[in-house]
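Below, each structure is written out as structure tokens.
Two complexes come next, and they have one chain in common, chain A, joined by chain B in the first and chain C in the second.
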Partner chain A sequence: MKIDRRSFLALGLGAAAGTALTPLPWKLTDDISIWTQNWRWLPVPGDGDVTMEIGACTLCPGGCGISVRKVGDRIVKIEGLPGHPVNDGGVCALGISGTQLLYGGSRIKSPMKRSGERGQNKWSPISWDDAIAEVTAQIKTLVEAGKQESLACITGSGSGTTPLLFKRLLAVLGSPNFMTTSSMADSYSAVIRKMHRLSGAVDAGFDFENTGFVLSFGSGIVEGWGSPLRMIRTANDLKTKKVSMVQVEQRLSNTAAFTQALVAVKPGMEADLALGMAAVIVAENLHNASAVGGSSSGFAEFAAMLKQQFSPDAVSAKTGLKSTAIAELARKFADPANRSLAICGRGQGSAPGSMREFMAVHALNALVGRVNTQGGVYAVQAPDYIDWAKDSSMTAAITGKIRIDEAGVGAFAHTDSLLNRLPAKILAKGDSPVGLLLVSEANPVYTLAGTKQVMEAFKKIPYIVSFSATMDETTALADIILPNHSYLERYQDIPVRAGLVKPLINLAKPVAAPQYDTQNVGDVVIKIAKALETPVADAFPWENYEDCLAKTLGDKWEPMKEKGFWTDEAFVPGAGATAFAFPAQLPDEPALAGDEKTMALVLLPKESMRLWGGAVADLPFVLKTVPDTDLKGNQVVVEVNPKTGASLGLADGKEALLTTASGSATVTVTFFEGIMEGVVAIPKGLGHTGSEKYIADKGVNTGDLIAPFEDPVSGLDAAFGTRASLKRA
Partner chain B sequence: MSTSNHEAIGLAPDGNPKKSEGSSNGVIVLFFIVGFAVSMAFGWLVFPKLLYSEKNQPFDFNHKTHMDLVDNGCESCHVFREDGTYAGTPTLAQCSDCHQDVQGESKDEEIFVNEYVANNKEVPWLIYSRQPDCVFFSHAAHVKMAEMECKDCHGDIGESESLKVYRENRITGYSQDIWGENIAGIRKNTWDGMKMTDCGKCHEEKMGSKGPCFQCHK
Partner chain C sequence: MEKETEHKPGKKYGMVIDLDKCTGCGSCMAACMAENNVPCKDDESNKLTSITWIRVYRLTNKKPFPETEICYLPKPCMHCGGVGDQGHSPCVSVCPATATDYDHGTGIVSQIYTRCFGCRYCMAACPYHARFFNWWDPIWPADLKKSLSPNVSPRMRGVVEKCSFCFHRYQLAMEKAYVEGRRDLEEVEYQTACTQACPSGAITFGDLNNPDHAVATMKDDPNAFRLLERLQTNPKVYYISSREWVRRAGDNYLKNEPTNSKPRVTAHHG
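Up next, the complex of A and B:
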């Protein structure tokens, strides 16, 4: 018997054949594949009871209710709250991504003090006691030096208990400088106050549910205007009911594609179109007789101005539209059977607009009797439930004092806050008029136009306190951060100002335990007030913020905790707003910054539901949905008409240098036949900076390129675009 | 035929096969058979024993005793939550309703009460039917909508008087009950395994299709 190499080969072959006839290879293959799914480092959601909790979204002003799905203590999904008056179970891409804000990398994990130069992003953690003591000491120093008026505050909203606690703190200390981020709601509010001779908190409410024809002057109905979820639902309802919608815009936006007709008017000439239509309506006697008589005033002067300044030929020349088309649109709008409604506020309405445009559109509605009537636009008094906001603590120490931004008096009597005027005031000669700035739920360094000037101004402010939950552009320039809970970890009442017809207050609730060493900003303000002692502490008699909220909301508190919101079903909109004054004259349209000879193009922001242009940066999930016609890699993509592109020697998909009076940026050009010649459209909502790699350094902030323009009537920023040039890179 | 030619083709000069070559072939066959037999024995007998480790539950549990005491069968303890999701193994709170104190003479109940109830500690049961996280399974869809019996997948566990030894796959970490006790994957009963093929087989029979991937793999 000879054992050789072949014997062992046979042994191996036998073993292989035998093994193949056992379950071993098949079972091992199966097990190994399962093993690869169970590596320790693979993220796996924890087990636990599944629960649903009710809360409110604060990521945009839309005012949606949310229903949060939890497994154990972890939030795994955010859904819309069924039965909520705004979204009735719907949720947008930003809202559904809120978990990424709660658990994401941009959260500030504890109070921090700046340890490097401003903007260097070097911080040292400090305790809450030390942070509150330091802010209190800084405020005391100002007050003792008699500079209490240099104490200023910027919040995202001017209503609700949290902003009003800040306003109260400033008021008791003797500073009137409580400012808020402005939006189209402020422009509407100014228009209603001015034209209806009203004062106080009043907003525009739009009764889309009962309208028969919507004429939108650049409003992104399906792109986040007003309350995004309500508007998408409304747009779908209108389409189902075959309600006519016409969009006035310079490009074929999603909204324009949704409507029956796109009226491509020259940039900035929306108000002229509205007034041209009004002129046709008056000339053809199509206006509503009762709407121009009775309690309204100034119709004769208004009609005379229309006749004189807005003849069909003049309007045609300014708007670039045929006078017959304008007349046809005017007749359709004036037809009582159509129950028309004109709206304005461009894109998402996150920026205010020109009073010329808002007044023209409101006058157009009034002319055909569509104000304070079913299916039209209403003047809606904001919910008035915060009694302590009306007591003497809020006014005694600041009566007669002029604000730094000069809002609320003189030329700007119809506006509450003019944050856009602040940078220039700070940058004026001498010391900054703001000695200490408190910033909460606002990101003015990102949202204000003219970023460069805004940055310079903020750097000149001696001391900035940020209460932000996340590291944003403004917080990066702060001296100390007292981080707020995220909106999923805190209580907060949120009165909704989003074009609703009935007042609505949402209640954000702590649906998740605090992830980090953060505190509700309401609690922190109360703690600071108490640390400042009498008389400041006396104006804050509450144990904590929850106590303040419960006492403020009174009998609404428990039902709101259960239901998530409060609305006044019996509310009758438009009450007390019967007076109407037609304007005898309108301010000029905002001038476009830049030299027309060297910058022949007009740069306009374009907006979409995938990009939110407000204080909160798009979350990574949402940013992933931005198409490469808006953002290619990290470079912003701008749209031009192929004819414009060819005349400038540009190539589709290639780089170019975009220059405006404010700055320049390297962009990728995309040719789009749906945009007017001579116009460049740039996505709004990009260009965030910071350390969150999934959000930062993608594209350009439109505020870097578009300079602000102060509206002569409201004082709000009315810039809708700028002149620009585009050269092949 | 010349001698050299015989050698060249492996024959002895007399034309018969060479003896040494014959024994060599025998060795090869023998080695093949040995290799075959050993690997078969390993694959069928040794491998299944090596693949699984044996673990005991924290303490024993008598399903039968409990079934005799409750009105609503399995669902008395293995409840569906209000939203329709299935709660799985009863929590400490559920068991504590009855077992705040030791009631009988069972040593296992004593362990439960003294070690878990007294310390408010959940029992770390080893779950025989635990599936990978990549699988979505709705008990409600099967039990409530399709009106399947618990037994169809879980067998007669409700009649058992003690818990069987938990045999954990050393590679995957899952129970042997998923693959089934038969290493070849042969099934006699519907509850003999819980692999995807078992789901697919039943779905095909009852619904005419195995269903799309994302029905279970979300």
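Up next, the complex of A and C:
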């Protein structure tokens, strides 16, 4: 049979029609999926009983309660705890990602001893007994040589039983060098101590819930300032109530976008704006008479200083704002009907900031009677529940001893700890004043500004003990690691000192069994103390950490285990401490590092809820939410105004070289209309090192580019930015 | 006596997102990833291949500083009902494998991974970029496999995935209700992970057909709008913004065309 064109086509079409009528195409699509999907490496999550357990988040100082969903013994999801005073069921991206810390690759799986050079990341596992014996021996050697003062400790927070166990250990041994990571909370404490003549653990508490007008000097109200979830919730309540919120900043941050009211002040001129407003208030006699009179002091001198140095024209020239606009803002702020509240601490407040700014803003509140009053700022005592019997030898051992960082005495009498001063002290001529350093829940090598100097300083410390649960920049430089449980595997009390008015103590609980060979750092400190024998062991009369916690919390312990937190609902902040000392003179604003001629731009760090710049690095889920206008590939993206970019010959989305007095980095440039001309914004929280591929070696640590600046009053790091240049690469 | 048959409209789950409340914090994105076993790659900065069932977009009014404004817009799958809400969603209409379907009982557009063979017609058809393709096998390094939820199957290389309005939560809630002898759910019993996590309370979720649910009244807010509404895709995600420029950003308008003008498309083929 001859196959002609006609029969060929008929056959072809017939076959096609016939196939279409059979289930073959559908069977094939089904089979394609089956063939391409049955991979043995694809996990099938195991089933089990579903339970919810209560815990507390420790990833930032915000103090959220968490509700942990477990399937069998696995933690599959972290949610917000409904009914918790801070977050009431809400939760941030970082908090949700806590499971990725618990099960992640950065966990340290057993005690380890350094086996290579410092920073080489070579370790050999050792037993807990050996690790504790080794640390104890090192401490003993130091004490026997009479160098107990060279024993130092750095912790993330200064309150709660865990940090205080460290503080106690040091004190009993005779060292006053207990240091903590600084933040704006320390600047606020210093301001309150100085201006209210108070001492002890005082914090600023902000009564946002009852305020009628918020004036924020660069504070990221919805970007992680204070207690992030409380702030986001409250800011939304205020917005619903049509409470006006004004953001003073150099760029349209998420907070400025949220408040829809931006006062674009020149970089570093926030304090001058506050003082300019104060000058208008005093000149127009709008201040609160009882707040400036009575037991307050120094008002006449303060008023004279304002009149002399902060005339409308002078302030207008410095801030770049119209004097009428400043006067209008001042009148609105001073109006008693508005129940105003001014706050400061830039971004998330992770950098302490300058005392000029904090004093100016606090004085502005005081001037119109917004201190220690409803809807204003309160001087609140930190929750005081730790009443350990004081050993007389313990206090005697450190009485009169000067700390390495010189905090708490002389010029820096108002500050507890000045970690930022440590690197220079270590790098000074001679031996390192720190002979043995204990680090717990802190990552100073990453978080301190001036990274290069900090690295050198830490390398000079003879012996570093890290208690970190995860491998971080500081732990990488340690000699021995005694890994802590993660916060989902351990007990820990967490007094929340993040701008709350009512006292709150959270309790982290072991919601998961320990995944690795780790121990609660509280237990380890007690074990070390016991190994050091009398008199040190006598100061630690507890069997273990849980015993210490139960005895310390007393009546609160059982209810806290049940509920996850303790708060005093009925607490009404006292009207005490209304006496206010107005400053007759203010310290100078921090000078920006770098030559103005060659570096015409100002580099400012930006912080957000999606990129965390603290001791805890972004976890994979959070990093995935980071937009490509912050991080592109392995390169950090910096923001400039299109006009600035064009004048420098830069192109949107292209590479450029960013240079400051401290260093330089290749960056990608993005043009953004919402930033002031002449300003470059760089995201904080990148530039981590280590072996975690998802975060390591991406972008640059802002601490590499922005040098620290020591505040003359507090001694804290007051640098808010630096001069910079941006050149086409 | 003959019992009178009660005619109730079917459930139609939807979302109202108040953009005035959204702070752009990204909680919804992370909550969604944790709830739905969404994996992470080492580099997620290429947003074309980054899988985020709900993604927060940044809109700007493009005015020069300091008049610039930003609005954050979280965008999950719109669960389109199509013209006349008959279930002809753009993606459902094109799927050759019936891997995505419109559930008339809930109004949810499903995605059945084991049926999908990765042709990606649905991605091309979706006007909202709500669908994502697995170009690689998912990897959970270290012990991260332990954090996987058994309620959602992990997806494999070669399939499309998207927001399901946390359908597994609906199933669990319905199972519980059936055991308790009920056929209906309270509003709080079925909420998506993003709604629950949002610290701002910007996301409201519920049955658009049930007058007792908040979304039913919120969707009629004078400032409510939907994305590309004039395509007649009939999305079940509504947005509220007090700002005119934001509402206009929800669709492609000519320069002088008024917002909420008549749809250009009145019927679709197929």
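The criterion applied here is as follows: the second predicted complex is superposed on the first by the 679 of 729 C-alpha atoms of A that agree within 3 Å, B and C clash if a C-alpha of one lies under 4 Å from a C-alpha of the other, contacts with A are read in each partner's own complex, and residues count from 1 in each chain.
We take it that a residue touches a chain if its C-beta (ideal position, glycine included) is under 8 Å from a C-beta of that chain, and two chains touch if they have at least 3 such contacts.
This structure is a prediction, so every number in the text was calculated from the model and none was measured.
Among chain B and chain C, the chain that touches a larger number of residues in chain A is C.
Using the contact criterion defined above for the overlaid structures, shared-chain residue A:Lys27 touches chain B, although it does not reach chain C.
By the touch criterion defined above, A:Trp41 lies against chain C but remains apart from chain B after alignment on the C-alpha atoms of chain A. Applying the stated contact rule after C-alpha superposition, one finds that A:Ile481 touches neither chain B nor chain C. In the superposition on chain A, A:Leu623 contacts chain C only, with no contact to chain B. In the superposition on chain A, A:Val640 contacts neither chain B nor chain C. Once chain A of one complex is fitted onto chain A of the other, the partner contacts of A:Ala171 are absent, as it touches neither chain B nor chain C.
Applying the stated contact rule after C-alpha superposition, one finds that A:Asp4 touches chain B and leaves chain C untouched. In the superposition on chain A, A:Thr19 makes contact with chain B only, not with chain C. Common to the chain B and chain C interfaces on chain A are residues 30, 32, 34, 37, 44-45. By the touch rule above, chain B contacts chain A in their complex via residues 20, 23-24, 26-29, 31-40, 42-44, 47-48, 51, 81, 83, 85, 87, 132-134, 169, 171-174, 179, 183-185.
Residues 20-21, 23-27, 29-31, 33-35, 37, 40-47, 50, 52, 56, 58, 60, 62-66, 68-72, 96-97, 99, 113-118, 137-138, 140-150, 153-154, 156-159, 196-202 of chain C are the ones touching chain A in the complex.
By the touch criterion stated above, chain A contacts chain B in their complex at residues 1-4, 6-8, 10-19, 21-24, 27-28, 30-32, 34-35, 37-38, 44-45, 49-50, 52. Listed in rising order, the residues of chain A touching chain C in the complex are 29-30, 32-34, 36-37, 39, 41-48, 71, 74-80, 87, 89-94, 96-97, 99-100, 102-105, 107, 222-223, 228-229, 232-233, 235-236, 239, 252, 254, 257-258, 260, 262, 264, 515, 608-610, 620-629, 631-634, 641, 643, 673-677, 693-694.
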